[in-house]
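Should a chain be cited, it is by its letter among A, B, C and D, assigned in written order, with residues numbered from 1 in that chain.
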Amino acid sequence: MVGGRSDDGKKMAAPKLSRKKLVELLRSEFPEASHALGRYRIEKVWHGGCRVRLPFHERTLRPGGTIAGPVMMGLADFTMYVAVLSAIGWVPLAVTTNLAINFLKKPAPRDLIAEARLLKLGKRLAVGEVAIRSDGQSDLLAHVTATYSIPAGS
Amino acid sequence: MVGGRSDDGKKMAAPKLSRKKLVELLRSEFPEASHALGRYRIEKVWHGGCRVRLPFHERTLRPGGTIAGPVMMGLADFTMYVAVLSAIGWVPLAVTTNLAINFLKKPAPRDLIAEARLLKLGKRLAVGEVAIRSDGQSDLLAHVTATYSIPAGS
Amino acid sequence: MVGGRSDDGKKMAAPKLSRKKLVELLRSEFPEASHALGRYRIEKVWHGGCRVRLPFHERTLRPGGTIAGPVMMGLADFTMYVAVLSAIGWVPLAVTTNLAINFLKKPAPRDLIAEARLLKLGKRLAVGEVAIRSDGQSDLLAHVTATYSIPAGS
Amino acid sequence: MVGGRSDDGKKMAAPKLSRKKLVELLRSEFPEASHALGRYRIEKVWHGGCRVRLPFHERTLRPGGTIAGPVMMGLADFTMYVAVLSAIGWVPLAVTTNLAINFLKKPAPRDLIAEARLLKLGKRLAVGEVAIRSDGQSDLLAHVTATYSIPAGS
């Protein structure tokens, strides 16, 4: 694994971009897009990984009271993006080439917590996984793997 | 294949729910969620497939001028949902269990056109694929496969 | 789409390597590996696509009389490999980076027919889909999407 | 997570089938198929997870000296199957519905070690992930997610 996990007690390497710097850059460079910070809260960043919170909002519900799938897909994609930048620095044009999500459990009406870690960091591709949970709960709601393509010369 | 394709000249079977009926039900039952109609326009529905348009909006752009990935993921998920309902009738609690997307080409700043067709329709699972293109263009922007779980007794 | 389909009546572009040449090269260069021809029969090759047959053999059965999943995964990977070479020429070190398969129907004890076509052919990545059927039947047994990484300078 | 990991020091729950019993059943019931033990060595089984070794063999190489992708796909599928049986007992007709693999690193010519753990164990579906490494090395060679369908009434 490239990245440490936030919860395993291992010492984690410093990210190439601090949490503060990342937040500044995302705010100034992505004013409108889904990769904008929007409602996402970057809670922690380390080399090859990060944790992002999405506060609960009723608008994200679908019938049956569950949080809509695309909300989790967007959160996973953003969290993976931050994990990639934490390892390669500010390369905003890195783009997702592939994302696969398994929905495992109906989410509770609570904040979502996504944690990403890179499984591979190559020159051209970065591959990682993202675990999504309800705040304060250990069961997985969704598991995601994603690949980002890193522009040549980055 | 379960569903015909809208563009192949074959006669397509009638859907279990007409386009008009589907639009009514989605409007009344999903007032706020991502599966709500929102900005989606269901253009055509047949048994096991459908075509959905997402009008272009600047808010969906990310730096570099491309439409954000999660916008396409949400569109694909919705389009697949409509294709499932077209084949099984109004079973709103059908839920996505797995979705995999390959991003193939940078989208132009135009409407997105998504076309879904079911590859399998079982008692418990429906599997389909979704092709996303820019309006009026033949190249694929993204290709999606997704699985929906159908509640028992539906 | 990059490749035409063998069954849609459109004129297909000539492949970069003829079927005959491909078979010769695979035989001489892959004497032992899974990418060797082994029991695979390349039936048709066009630019960006191909059709491959795997003759039925009892050894590939699993309990219940169905053909084992890994047999179909190996067939899909090989078929996609041939489709990539048909479009870029003899670049044997192209490698799979991602493969996703949906198993749709229990195979009959018959030959398997796999048909691949490229969805995207870029400088660094080729993405395609593979449909697997039982010989003489129209239902899909499995649907595969796969990405190959193309070595720089190929 | 349903299953503990073999390497995290947590106490793991007992599997529904012991390693010894599983090996006996697989040997007697799958005499010829890919789910047969074949060259696979089940090294450890716990509730919701297991570790399987595939001894190195030159026949599995492809040009460039790397182990062929389908060898890893077959190993992952088998390992996931054992993990499912460890949690639900002897239900041999459980079948893979979806498998997605990311190839991360060129394998060394050594034994492969696959470790599976379930991410979800439902009544109808079990979802898990498999990590594949070269024996004695920590880097991932491949990461797999897979879904098994559990027959009704099991």
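FYI, contacts are C-beta pairs under 8 Å (C-beta built on N, C-alpha and C of every residue); 3 or more make two chains touch, one makes a residue touch a chain.
For clarity, every value in this text was computed on a predicted model and none was experimentally measured.
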Most widely separated chain from chain B, with each centre as the mean of CA atoms: D
More contacts between chains, B-D or A-B: A-B
Distance between the centres, which are taken as Cα means, of chain D and chain A, whole angstrom: 27
Between chain A and chain B, centroid-to-centroid distance (C-alpha), Å: 25
Whole-Å gap separating chain B and chain D, where each centre is the average of the chain's CA atoms: 34
For chain C, residues that touch 2 or more chains besides their own: 97-98, 100, 102, 147
Chain C-facing residues of chain D, complex: 29-30, 32-35, 58-64, 66, 68-71, 73-74, 77-78, 92-93, 95-103, 106
Chain B - residues contacting chain C, complex: 1, 100, 102, 104-105, 119-120, 127, 129, 138-140, 143, 145, 147
Residues of chain D touching chain B in the complex: 97-98, 100, 124-125, 147, 149
